[in-house]
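Shared between the two complexes below is chain A, which has chain B as its partner in the first and chain C in the second.
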Partner chain A sequence: MNQPHRVLPLALVLLLVAGLAGSVLKPYPIYLISLWAVYTISAIGLNLTLGFAGQISLAQASFVGFGAYATALLLPHGVPFGFTLVIGAAISFILGVLLGFPALRVQGHYLAFVTLALATIAFLVFRNESWLTHGTAGIDKIARPIPFTSDVAYMWLCLAALAVVTLGVWWLLRSPWGRAFLALRENPVRAASLGVDVRTYTLLAFAIGAGLGGVSGALFAPLGQYIEPSEFALPLSFSLLLMVVVGGSGSFLGPFLGAMVSVALPEVLRSFQDYYLLIYGVIVILLLVFSPDGIVGIIARGVARLRPTDAPVEPKP
Partner chain B sequence: MMSLFVQVLISGLAIGAIYALIATGFSLLSQGSQTVNFAQGDFVVVPAFVMLAANSYGLPIWASFIVALVVAALVLGVLFKRLMVDPILPHGAMQLSIATMALSIVLQNGMLNAGGAQAFPFPGINGGLHFGNIFIDWQSVSILLAAVVAVTALNLFMGRTRIGRAIQASAQGPQVARLLGINVARMVLITFVLNAALVTLAALLVSPIYLVKFDNGIGIGLAAFSAAIIGGFNQVRGAVVGGLLLGVVQNFAATFGPTQYRDAVPMLLLIIFILFRPQGLLGRAEERRV
Partner chain C sequence: MSVVLEARDLHRHFGGVKAVNGVSFAVEEGEILGVIGPNGSGKSTLFNCLLGQIPPSTGQVLLDGKDVTGMKPIELNRRGVSRTFQLLQVFPQLSSRENLILAGQEHIGSRMKRLFGRPDAGLSAAADRMLEQFKLSHVAALPAGGLSYGQQKLLDAAMAFMAGPRLVLLDEPAGGVNLSLLGSFRERLRAMNAQGGSTFVVIEHNMDFVMSLCTRVMCIAEGKVIANGKPDDVRNDPTVIEAYLGH
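And then the complex of A and B:
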């Protein structure tokens, strides 16, 4: 479950099934599938930070926000969607480098606190600088790029973007860089002793993760065609972190499954609306107690149990 | 102008003293058991609701405080450690941090469902003293007094008693402490109960000012994290200095600066410190080691 090359086809088939299912469904499920694709991109990015570099980022929502605002603000000026997406990703990547560089100088939870600070300040800027962001009124009538204006077509665009990101991260993890990421995940001390520059690779993992947050934001803005500041506040950061953990942090498929739970659970628990977040929080805590490697860990253990072997198979954490 | 300056300084010190108590508990937990508690702010709101509930059943506020102390020691101290920290910490400190974020969501939504979304008033101390045109309110004075007594008592306990020294030894080197015959597990448990007592006292002091609302923990938590880092993450004493400094700076910024960026002040201070002095004011540098 942890080897990217084995599960890549699985991830791509999942995307295709989601798309085909979406094409025959009603508008609301189509929206949910598109949202799943957008969240998954963001969670894949955060998984690089959390799962591979072992650092907590609480600013992923802000990076999504930079991507969303860059797209919503630049599109009306005639900048093509592809460019706004790249600009949003670049802003997030650069901010990631600028903040990660000092925070990763020292051991401990400093990146968590620096990103917590960024998330708070970014939200206040989104809310207060109305001359730029329209403040709490939000930005509406965000145009979708032609020819992806219909709900189904835009869903396919989101799924295609997720497929590109999936292939990109798969390639990244296979490259020498990615080998270093994997070494970092398995054992940072051993990685360092083998000559991996832990600090640089941790910083890279965080910055690339931030950039993917920007990509996801660029897709998010035209999806609902309306954005406002509170969508990019701390709760989304928490929610994205929990997606990675629920799916299985450090595993290739984890973000896909975690985002699916996060999008589907509110629908399943619709009759318990007031208690939804409470139940979700309890589920996450129970999962961390009993299966710290998330749903992927549960599946891996199930598969290992079904498969006859001489020696007991222990899934890697 | 002078009178306004003194008033802003005193109320800033008062709110800073409360931050100091919360940040001290936060540092104690992270020192004593690698628990970086992202729910620390919500830990302050829970005993506030307990006190309100006890008070509404007719108990006087001092008796409600004792009830809250007992509930906090059991739930936020013993149960938190037994049910969450003990099983999750072996998986990693990062997993535990994320679990405390989930706990924060659980606590906030639990309080929202149980108490409602409104801000509840909390009994405080009215009146004050006039020195010429300088007004000093009893509320701030009593907060400062209570915080000074609590911090002094905590320092004496940690430095002068057998248990206190055993707690310090367990935090600095659990293996050596165990060899010396210290029951490390019990010392860690006492640390959790101490944190519960600190947040309950903070709840008593802060609630008349901020009122009691289910999501107050967000702002309180942000201030406590900043205070702990500004003072020096690996120094419990640092939390006191960091808390007072933050309270004063935040209060001056709120009085003389743009109000819509009030919440950004602790965060800006935090970023500045991590950029230029990550070990904090009193802390020692902890370089990345392998």
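And then the complex of A and C:
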């Protein structure tokens, strides 16, 4: 489940099935599938930073916000959606590089607090700089790009973007860069002694992860056609973190499954009304206690049980 | 022969503890220098000072006559210096082959070329040859974390050779390697030294291994060089015997 080349077809089939199902569903499920695709892109970015390169970030929601505001603010000025997406991703990429610098000096909990500070600053900018962001009133009537104005067409656009991101990240992870990211996570001291430029790869891990957050945000803004600051506050960062961990941190399929749980479970538990968050929380706790490697870990163990046991490898003299 | 590595009056103090206390030595091209000494004598600290892991308090490290004191490990690696660590330092989730490819990939082309080039950076064949030389071919595809301790030690050493280094510093390479593998491991290191023209500095506690592998042996005690010469001469040196046996 951790081998990108093995699960890539599975991920692409999942997207196709989601799209085909969405094409015959009602508007709300179509919205949920689109939201899943958008959140998955952001979770893939965070998984690259956290799961593969081992750098914690609580600022992913901020990067989604930068992408969303770039799109929402530029579209009315006649900038094509494709450009707003690239600009949003570029802004997040550059801010991701800047966020990466503290990671060169601090790790673990300390790095988490540094990223928490950025998330807080970004939220305050979104909320307080009303001259630019319209503050708590938010920005509405965000147009969808032509010809993706209908719910179904926009869903396909989100899924297509997710497919492109999936292929791009698959390429990245199978390249020597992916190997270097893993080395960064597992043993940076040894990696440096082998010539791996820990500094550059750390910055790249943050920047690429943040850039994907920006892409996600650029797609998010026209989806609901309205954005406001609280959508990009800490709860979304925690939710994205949860998607990565619940799905399986450091696994290629993890963000797909984690985002699916995060989007679908509240809907499934909606009938429990006030208790749904409580049940959701208990399910997540149980999952992480019994399967720290997430849903992907459960599936991998299930698949391993179905396969015949390999003969143990005997050392050769 | 030219001097590859030279330490000049190296000191490293930790508070009042003088872990390395005025060490000077030179290693010539093609030599295999063994560094021995009792536990806590300062061997690993000396290695860390030479390799930029920790800066020396005072003194100089020269590589090919150029001052590299305090230079970062990655810079030294780019100048052809490779190392292993006392404790195992393989990447457990990567396969043995992937560990070796990782050990060589950063020396192939530019970073952008590596991103758009072959996933194995063109190193699969070289990695397989290295696995064969270190008798690890049968575990090539297995995650390194699943290998026995001895196999991981061999893999750790093999990784140090993937980039074709000029100078290799091996910190207790034989520790944990079983006796049946030790002989072939020694021969492999000898062959690497002869064929590749690499210069070795080896810290080792296994006296038979170090005496039969090295062309010269240096003994350190309490941060100072107390003997430096041919293996047999150092083995029989009364100062060395006293440092080890404490009388």
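Quick note on the criterion: the second predicted complex is superposed on the first by the 292 of 317 C-alpha atoms of A that agree within 3 Å, B and C clash if a C-alpha of one lies under 4 Å from a C-alpha of the other, contacts with A are read in each partner's own complex, and residues count from 1 in each chain.
The working rule: a contact is a pair of C-beta atoms (placed from the backbone, for glycine too) under 8 Å apart; a residue touches a chain by one contact, two chains touch by 3 or more.
Model, not experiment: these values are computed from the prediction.
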Please indicate which partner A:Val189 is in contact with in the superposed arrangement: first for chain B, second for chain C, both, or neither. both
For A:Val282, select first, second, both or neither according to whether it touches chain B, chain C, the two together, or no partner. first
Touched partner set for A:Gly54, first chain B, second chain C, both or neither: first
Applying the touch criterion given at the start, work out whether A:Val114 contacts chain B, chain C, both or neither, answering first, second, both or neither. first
Output check: A:Asp274 vs chain B and chain C. Expected answer is one of first, second, both, neither. What do you get? first
Dominant toucher of chain A (residue count), chain B or chain C: B
In the superposed arrangement, does A:Val198 touch chain B (first), chain C (second), both or neither? both
Determine, under the contact definition given at the top, whether A:Asn128 touches first (chain B), second (chain C), both, or neither. first
Per the contact definition in the header, classify A:Leu242: touching chain B only (first), chain C only (second), both, or neither. first
Thinking of the overlay built on chain A, is A:Arg179 touched by chain B (first), by chain C (second), by both, or by neither? second
Could you give the residue numbers on chain A that contact chain B in one complex and chain C in the other? 189, 192-193, 198, 317
Touching chain B in the complex, chain A uses residues 50, 54-56, 99, 102-110, 112-114, 116-118, 120-121, 124, 127-128, 188-189, 192-193, 198-199, 234, 238, 241-242, 245, 274-275, 277-278, 280-282, 284-285, 288-289, 292, 317
Which residues, counting only chain A, touch chain C once they are in their complex? 2, 172, 174-177, 179-180, 182-183, 186-187, 189-198, 200, 313, 315-317
Going by the contact rule set out above, which residues of chain B touch chain A in the complex? 36, 84, 87-88, 91-92, 94-99, 101-106, 109-110, 113, 218, 222, 225-226, 229, 233, 260-261, 263-264, 267-268, 270-271, 274-275, 278-279, 285-290
Could you list, by residue number, the parts of chain C that touch chain A in their complex? 51, 53, 72-74, 77-78, 82-83, 85, 89-94, 98, 101-103, 105-108, 111, 114-117, 119, 121, 135, 138-139, 142, 148, 150-151, 159, 163, 180-181
